[in-house]
Every structure is written in structure tokens, then in C-alpha cells.
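In the two assemblies presented below, chain A is common to both, partnered first by chain B and then by chain C.
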Partner chain A sequence: MTLYILPKEQLPVFVDKLKADFRVVGPVKTETGFAFDDIKQAEQLKLDYPTTILPPKKYFLPQREVLFNYHTSINEKGARQIDTEPVFQDVQPTIIFGVHTCDMTGISLYDKVFLEGFKDEHYLARREQILIIGIECLKPCDDASFCKDMGTLTAPPVYDLHMTEVESRYLIDTGSEKGEELLQKYGEVKLATTDDIRDLSRTLSAKWPRFRHRLKMSRDQLPSLLTINYGAITWDHLGERCLACGSCTNVCPTCFCFDVQDELDINMQDGQRTRLWDSCQLHEFALVAGGHNFRESKASRIRHRFMRKGKYIHQVHDILGCTGCGRCERACLVNITIPGTLNALHDEMQLDANPAAG
Partner chain B sequence: MLGTMTPLETTTTPRKYNGTSSIYLPTVATITNAYTETAMEKVFTVRLPGGENLNHNPGQFVMVSIPGVGEAPISVMSSPSRTGETFDLCIRKAGDLTGVLHDLVPGDQIGIRGPFGRGFPLEVFKGKDILVAPGGLGMAPARSLIDEILDNRDQYGRLIVLYGARNPAEILFRDTLREWRGRDDIDLLVTVDHPDESWVGHIGVITRLFPRVQINPFNTVGITIGPPIMYRFVIIEMLGKGLNPTQIWMSFERRMKCGVGKCGHCQVNHRYSCQDGPAWTYAEALAFEEAL
Partner chain C sequence: MPAKPKIAFFDFSSCEGCQLTVIDALQTHLGLLDQVEIVQFREAMTEKQDTYQIAFVEGSCTREADEDRLRAIRKQAAVVVALGACAHLGGVNSMKNRWAIGNVQTYVYGEKNKETYPSYPARPISAVINVDAAIPGCPIDRFEFLHIVQMMLQGRVPKLPDYPLCVECKLSENACLNTLGKPCLGPITRAGCNAICTTYGDGCEGCRGFAPEPNFEYMREILRGHGLSETEIDARFTMFNHYQLQQMGEDAPLSPEGLQSLNGELPTSTFAAPKEAEGHG
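Moving on, here comes the complex of A and B:
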């Protein structure tokens, strides 16, 4: 909405001021890479990080979340009694700093999933307290990225503030009134001049050639590519390699499926109903009482994951379920990649159309 | 009318919201009656606080929970016409939750969420001949539909029930079946896969009953509810009777953890069975590779 500038040396001051009133989280250096974590000192915040192991989805949907506490008892007549009390976990004013544009796309999908139809009050309570400060990606994270293919190189309208590093300053776009207030109250900012805006345009134009294409097709073709290739041999090949470990779905910024489990305290009366990240790659994900499993084979489960990413989620929510962040590729133990798979489907289709080419 | 079909409602239409502060928080209900139906099934009568009407459609389900054990989707057995302050659930002992449920007695409390999903569209069924083909435990949700029709008998045409069970001991609602046999306004055929010495009825899988009935395919709706394996065979029989795919309804059993279209477990292609189902037409299912 409005563009401001913040000199780079002012960033720690801005972060420190925010810390007084908010939990501030952002990318910090760890022993093995980068991760979103609480910012204890402003210097910890690394806005030029390549990627994180987990996306910031953990602040929107915790890996383990208590939905309600319960107490069970036996009354004087010997009947089982139930008391429940809902729990809204991790609800606190939070600022997520340095969110990449791909991960913002993931957050915009989460908002659709949890707030459309039945409203998920647990998600909503946290969401209302979260402010997102995005960072414009000026170079690819690494070779696993394919954000350019997936169209996530620019920020979706989910941010409260969005920062672009331009030489010695950040240009900050306000995406919401809350963001505007935040900047006015905590930041030493000035309105951007036409010179600033010209520099910004130059920076944004210069970044595109640095990102490479990895898909042999355009993302608009993915739903039809997957429809045509439902019976492709590629799925069987993947099923032979896949370990069904669920790493890919754990690190995915758009995976939101969950399991619900009851935990019981040692007194056998009190406990919590929890929800936990689940994975459609695990064997029991579609198993029903009586023993029928709707996705018995690994091939059918990995196909389901791709169908969701490239077709089903698009059918329901009108955005693709893959952001091109590359995390599943980095996490996969047997080197299954999304671009590699989609390209294999594309090649298989060419082969079907022209057998002589094989 | 041939080809009439309820459009798939979008997932953006919440069906019922019980007014609590969390969609995952069950309403605490009380079991008011429980009796043993077969060696595997018990029927429980459940009362919501204040005797509130469940307000469901035949084919819809509720999420039943026992805190400390878990939660599972269970079809409602009672018809809307017989649901006042209480409703019935017919529950097979099949896992941890249902195992504990079978030990419960009147006075015990359980958690209820729902009803959820799209049930059978009675407004589409009205005025038509109804052919219901339940298999095994599918008789429980079928009861909801059959009783509803019997209680509003003049609004529907013929009622034909073809029921298949694995063996005589697993036949549900024997007293009720006997009563139906005595009525002129319902045609009932029952078969078992594995007869014992006492069995004098039809023998064989449910599809063996189809040649024994004649229907008017231009004004009939076929409904089948049962284990997943049964559908493809029953559907072939229904198509063979002249029904077209939009006239055939079925209920999809899937693993469900939330009931509200979030957790991802019950997905059938891009649809959630807990929201857009569990009742589907065969025409809808034909568009889904994952359906059958």
C-alpha cells in the first residue's frame, strides 16, 4: 500500500523495540543450517538466510497441539462422567520476521484451509495474533528451489509488512493497517522517494535471471498433467524407492493434515486431546476399521501427495499446493524430487504419444 | 425424474455448528439405553443435553468419543422420524474405542460431535420407488432411511430391501426384519454367505438377490451401504436393472479424524467424504479415480 525506507543499521533498533511488546521470531543460524526461532538478541536475526528446515507453519499449526483438557470420573451412581475445557495453545502477539515469498504462499493456503467452511477456532485464535514481515528473495536458496516455476517469486497479499533489501536500506511495503501501525509505532522510517522506488524496481528486475526453471512444463499445466498421468508407470517407480517416512510432508509449507490422539495422565482420569502433524505417506493414513486400506501401496500414497500438490488443492482452493521451496527434496532420503517427478510424467506422456521416440 | 441429482455442495457451507467454542470439543451426551444386538454389535440410545434433537438426515454420521480412548465416526441408526430427545447408534466392536464403548451402560457419558456430512437427499427420493441394498453393518445407516420411509409411507413408492449378511448370527435387527416381512408395503429379501443348519432362507452373496426382484428403472433410486468391497458388485447389478449412475447412491466409509473437512484422512480425490459425502451418487464417484 505505502512504501517506506528503513536504513539497514536501524533494523536492530526496530527489532528491539518490537521485542518489548511481541514475541519476535525469525530465521536464526543453527548448527546445521537455519531455523525459525525466538529472537533473543536482534543480531541473531539473519534476513539473508537461504532456507529453513521447517517452514514457519509451526507457528500456525504446532506439531503437537492440545485441543481440550478432559477429566473423567465415576459419580456416586457408578456412571462415567466427562468434563471438558477447550484449550487455545500458543496464542500470543507474535511477529514472524523474514518470511520468504514461497512460505507466504503456504500461509495463504493455510488461511483458506482453516478459515473457510468450518472455522478452526484454534487456528484463528493464533492467526489473529500473528503479524507477518516478509522478505523479498533476491537469489535462490539453493539448487533445490524451483519457486520461479511455481510462481512464488513475488509476495502474495498475506503480509503485514514486506521488506526488500536495496543497497544500504530496506524498502518496506505495508500490506495491512496493522502493519502500517507497527511501522509508525516501532520503526524509524521515512516515506520512500521516487529515487528509492526506482532503485527498488531495478533490484526487483535484476533478481529474475538469477532464478532458474526446472520444470519442462508451465505450472498451469500441472492439473491436466496429473490427470492424464494418474495411471503412469512413474508412480510405480517412485513407490519402489520411497521409504514412506513422511519427511517430505513434515517439512512442506502447505501440508496441513493432522491426526487426533488422546493422551491420558498417569492418574487415568485427566488428559488432553491433541492434534499432531500426520502424513499421507504413512501406511495407516487411510486405513479403516475392518482392515481396508484405501491407499495400501507406497506408489498410491506418493501419487496422492503429488495429486494434492498439483491438482486437488488447486481444485478446491484455487491455488497450487506446491510453493517450489524445495524442502521435500532436501529432506528426502532417497532423492525423490518434485521437478524430477513432474518431468518424468511429462517425458512418459511424450513417449506414449510418440512410441518411436523411446 | 430421471437424471435428477443433488449438486455437490461446496465445502464452504457449514452444516451445523453446535455453538461451542471449538469445533473439536464434543458435546457431553448420556447413554440412556444399551442392548446387545449380535455378538459383535450393540445398540446405544443417546441423549444430548436438554434432550436437544440431533436434527440429522439419514446417512449422516456423528463423531463419538470417549476421552482417554479416542474418537470415531459412527452412522446414525435412528431415522429423523424417530428421533426426539434421543437417537440410536448401532456400534460394532472393531477397535479400541468401540471396545470400550461396548462396556458402557445407561447413565454413562460419551462425547458427540455432529451430525456431519451429506446424507441421503430425501427430497430427491420422494415419489420414487426405493431399492435399498445394505450389506453387513450397512444395515444400521440403512435403518435410518428405511424407518424414515415407513413413517412417511405415502410420500414414497415401492420399498425393496435386499440385505446380505455373512452368516445368520450376524443378521442385525431380526425382530424388525420379522415385522417388515409381515407388512405389504415393503419387499424384503435376506441372504447369507455362509448358512448354518437353522438357515432356511437365501444363500449366497447379496448380488444373488437381484435377479429375484423386478423394478421400474425409470422411477427407482438404488441405495447401497456396506463394506467397500461390496460396492462394485452391487453397482453392476443396479446398472443391470436399468438404473443410470445418477440414480445409484452409496455411502463411503473412510478414516476420519476431524469430521469438518480439515484433517485430510477421508479424502476421495479432491473431495472430503466427511463433508461432501459420505453419501455419493455413482455418477459422482465415476469422476473419482479413488472412489471404488
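Moving on, here comes the complex of A and C:
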């Protein structure tokens, strides 16, 4: 909406001021890489981080979340009675700093899943308190990235503020009124001049050639590619390799499936109903009463994951379920990759269409 | 209110570390004693009753004399629970199954005393008696112990996680040890320990047994990538799970040499023999 400039040396001051009123989280250096974590000192914030193991989705849907406490008792009529008390976990004014454009795309999908139609009140309570400060990606995280293919190199309209590093300053775009207020109240910013905007434009134009394409097809073709290749032999090959460890879905910024469990206290009367991350790659996921499993084989589970990413989610939410962030590829010990798989399907289809070529 | 179920603890070939974990669990969750009455627990108390409903058994069966004791426990208890890796899998004790038993006894007790303690290949207690539930791990996880006891008190069938350790590691946002050059059996090992070893930087050694769908072939491939020899990979696979691999017979995911050594066919220990204990007795 409006463009401002913040000199780079002013960033720690901005962060420190925000910390007075918000929980500020962002990418910090760990022993082995980077992770989103609480910013205790402004200097910890590393906006030039390549990627993280888990995306910032953990602040929207925690790995383990208490939904309500319960208490069971026997009432005066001798019947079992259950009293519940709702819990809204991790609800506090929070700023997520330094979110890449791919992860913002993941957050926009989360918003659709949890807030369109039936509103998930636990998600909503947290979401209303979260402000997103994005960072423009000027180079790919590493070779696993394929954001350019997935069209996530520009920021979706989910940010409150979005920063682009331009030489000695950040150009900051405001995406919401809350973002605007944030800058006015906590930031030492000036309105961008024509020269600033020209520099920004040059920076943004220069970034595109640094990102490469990895898919042999355009993303618009994914729903049809997956439909046609439902019976492809590629799935069986992947099923042989897959460790069924669920790492690909746990690190995915768009995977949102969860399990709900009751955790009983030691007194056997009180307890908590919890929501936990689940994964369609695990054997138990599609197991139902009576012992039938809708996706018994690993091949069928991998296929399901790809169908979700490239077709089913698109059908329901009008947005692809993959952001091209590359996390699943980095997490997979047997080198099952999204570009590799989609390209294999593409090749298999060419072969089927023209058997003589094979 | 119905009488509290009586529970008893027993030990066979083990270090008793799992029972220590139970004692530890009681310190933080004393309320458990409002739910159950402990009537036999050699490591923790002197009093002893021989009537109990739930028996927790730690340790593997490694001697003929163990069998009668196990059967007596089974006869008395309505529910028998294998407590920890030794009772559940055979555990590290089953490593001895690679050598002829006579050689093992000589190795441990020396030439002079090799006949003193007769033993045979180590097995989980389920090889001798029916077992209703297992609490895996070396040692057990105290929270899983409490959880399983609670499930039994509710009349439910205790259930273990049926997915690999990697799930818990990722949820903790640990960097994958296998990608950092540290061999880790997490991808083929049953979760439930909340990834305690890997969170502290040690590769998983498989103490909770194999996950239900272990991809042994690609696990070996990953370990080869660390520069481990086939023998070293066999050693990692068999550290806690030798008995399980024995049960798989020719299908065991071991190298040809590893397969040969499954059933006590190694002539002598590959480790240096300890010196004959001097001044002992």
C-alpha cells in the first residue's frame, strides 16, 4: 500500500521497540542451521537466513496444542459427568519477523483451511494476535528450492509489512492497517522517494535470473498431470524407497493434518484434549476401525501426498498445496523430491503417449 | 470404590535400570500409588505378597531356570507386561547369541568358572510366556510407562506409536543426524521416547525395536553413506534386535557374514578376551 524506508542500522532499534509490546519471533542461528525462535536480543534476528527445518506454521498450529481441559466425576444421580473448560494456547500479541514469500504462501493456505467456512476458534484466537513481517527473497535458499516454478517468488497479500533489502536500507511495504500502525508507532521510517522506488525496482528485476526452473511443466498443468498419472509406475518406485518417516509432511509449510487425543492426568479424572500434528505418510493415518487401511502401501501414501499438493487442495481452496520451499527434499534421506517426482511422471506420460520413443 | 489393582515387579537378565525409571516416575507422579498397590518390588521395598493382578517383568530369559519362574508369574497375573528392551526384545543380552554358548561362558567367567552359571541364548519373555503389553526402551520412558499403566487401568489395550522416531525428531526441529554424518537408526526404529538420544546429538541405536514398516534396504544404504562397513551395519542392526533378526532367519536384512553369525556360529568373540580375573575369589 505505502512504501517506507528503514536504514539498516535502525533495524535492531525497531526490533527492540517491538519487543516491549510483542512476542517477537524470527529466524535465528542454531548449531546446525537456522530456526524460527523467540528473539531475545535484536542482533539474533538473521534476515539473510537460507531456510529453516520447520516453517513458521508452528506458530499457527503448534506441534501439540491443548484444546480443552476436562474433569470427569460421578454426579448425585450416580451418572458419569464430564465438565470441560476451553483452552486457547499460545494466544499473545506476536510478530513473526522475516517470513519468506514461500512461507507466506503457506500461511495464506492455512488461513483458507482454518478460517473459511467453519472457523477453527483455536486457530482464529492465535491468528488474530499474529502480525507477519515478510522478507523479499533475493536469491534461492539452496539447490532444493523451486519457488520460481511454484510462483511463490512474490509476496501473497498476507503480510502486515514486507521488507526488501536494497543496499543500505530496507524498503518496507505496508500490507495492512495494523502494519501501518506498527511502523508509525515503533519504526523510525521515512516515506520512500522516487529514487528509492527506482532502486527497489532494479533490485527486484535483478533477482529473477538467480532462481532456476526445475519443473519440466508449468504449475498450471499439475492437476491434470496428476490426474492422468494416478496409475503411474513411478509411485511404486517411490514406495520402495520411502522410509515412511513422515518427515516430508512435518516440515511442509502447507501440511495441516492433525490427530486429536485425550491425555489423562495421573489422578485418572482430569485430563486434556490435545491436537497433534499427524502425517498421511504414516501407516496408521488411514487405518479405520475393523483394521482396514485405505492406504496400506507406502506407494499409495506417497501418491496421496502428491495428489493433495498438486490437485485436491487446488480443487478445494483454489491454491496449490506446494510452495516450492524445498524443505521436504532437504528432509528426505532417500532423495524423494517433488520436482524429481513430477518430472518422472511427465516423462512416463511422454513414454506412454509415444511407446516407440521408449 | 473397588480395590486397587495389585502390581508386582520382577527382574530377569537385566541391569534393573527400567525399574529404577519406575522408581523415578513415582517420585514425580506419586499419585500413581492412589491408583495401584505395589505388592512386590525387590529393588524398592522389602515387603512381599504373592497375589497380584499386573506383573511387570524386566530382563530377558537366558537360563532354563528362568522359564519356570516366568510361567509362575504368568499363572498368577491377569496381565503381564514386558518392561524395557531386554524383556521386550531380548535387548543387548541377545548379542551373545552370535557365539556358541560355551565360548560366551568362557569369555565372561573364565576357563576355570565357565560351568558355574549355565545359560543359553537370550530371548524376550514373549518367547516363553504370553505377554499382554510391552513398554519398550533402554531404559523405558517414564511417561510412556505411566501412560500405559493408565490405559490398562481404564481397561484399554495399551498401544505403542507405530511410526519411526523421525517423526518425534522433526517435531522437535532437530537437525537430522544422518545428514550431519552421524549414523542414526531413527528411520527404522519405533518412536515413543520423544527422540531423547537424537535431541542430545547421539544417533539412535534402536533400543525400542523396529518400527512396523522398516525399510532395511535403504537404511543400510544410508549407513553405507556414512562409510560404515557391512559388518558395522550388521552390528548396529543386531545391537538390541538380534533376536528379532534371528526370527527372520534367511530374510534378516544382514550381510552374508551377518546371516552366518545369527545363530551362534561365530567361533570366538571378535572382542579382545578379558584377562582372567585375578584375585577374584
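Basically, the second predicted complex is superposed on the first by the 356 of 358 C-alpha atoms of A that agree within 3 Å, B and C clash if a C-alpha of one lies under 4 Å from a C-alpha of the other, contacts with A are read in each partner's own complex, and residues count from 1 in each chain.
The definition used in the following text is that a contact is a pair of C-beta atoms (placed from the backbone, for glycine too) under 8 Å apart; a residue touches a chain by one contact, two chains touch by 3 or more.
Being a predicted model, the structure only gives us computed values, none of them experimental.
Peer 1: So, on chain A, is it clash or fit between chain B and chain C?
Peer 2: On the superposed model, which is not a single observed complex, chain B and chain C fit side by side.
Peer 1: Tell me the contact category for A:R212 with respect to chain B and chain C: first, second, both or neither.
Peer 2: So A:R212 meets neither chain B nor chain C here.
Peer 1: After the superposition on A, what does A:R198 contact: first (chain B), second (chain C), both or neither?
Peer 2: A:R198: touches no partner chain.
Peer 1: Can A:K178 be said to touch chain B (first), chain C (second), both, or neither?
Peer 2: After superposition on chain A, A:K178 lies in contact with neither partner.
Peer 1: Contacts for A:L264 in the overlay, against chain B (first) and chain C (second): which applies, first, second, both or neither?
Peer 2: So A:L264 meets both chain B and chain C here.
Peer 1: Counting only touches as set out at the top, which of chain B and chain C does A:Y230 meet: first, second, both, neither?
Peer 2: A:Y230: touches chain B, not chain C.
Peer 1: A:G78 in the overlay: touching chain B, chain C, both, or neither? Say first, second, both or neither.
Peer 2: Touch partner of A:G78: chain B, not chain C.
Peer 1: Using the touch definition from the top, say if A:N250 reaches chain B (first), chain C (second), both or neither.
Peer 2: Second partner only.
Peer 1: Would you check which partner chain A:K190 touches, where first means chain B only, second means chain C only, and both and neither mean what they say?
Peer 2: A:K190 sits against neither chain B nor chain C.
Peer 1: Which partner does A:F118 contact after superposing on A: first (chain B), second (chain C), both, neither?
Peer 2: first
Peer 1: Spot which of chain B and chain C makes contact with more residues of chain A, would you?
Peer 2: B
Peer 1: Compute the least Cα distance separating chain B from chain C in the superposition and give it as a whole number of Å.
Peer 2: Superposed model gives a least chain B-chain C C-alpha distance of 6 Å.
Peer 1: Which residues would you name on chain A as touching chain B in one complex and chain C in the other?
Peer 2: On chain A, the residues that contact chain B in one structure and chain C in the other are 264, 268.
Peer 1: List the residues on chain A that touch chain C in their complex, please.
Peer 2: 30-33, 35, 52-54, 58, 63-64, 241-247, 250-251, 264-268, 277, 279, 282-284, 298, 330-331, 333-334
Peer 1: For chain A, which residues are in contact with chain B within the complex?
Peer 2: 67-68, 70, 72, 77-84, 86, 113-114, 116-122, 230, 256-262, 264, 268, 271, 273, 275, 278, 280, 285-290, 292, 294, 304, 307-308, 311-313, 315-316
Peer 1: Going by the contact rule set out above, which residues of chain C touch chain A in the complex?
Peer 2: Interface residues on chain C, with respect to chain A: 29, 31-32, 34-35, 146, 150, 153-154, 162-164, 166-167, 170-171, 173-176, 178-180, 186-188, 211-213, 215, 218-219, 221-222.
Peer 1: For a test of understanding, state which residues of chain B touch chain A in their complex under the given definition.
Peer 2: Residue positions touching the partner: 11-14, 17, 20-26, 28, 65, 67-72, 92, 94-95, 98, 104-105, 107-111, 227-229, 253-255, 257-258, 260-265, 267, 269-270, 275, 289-290.
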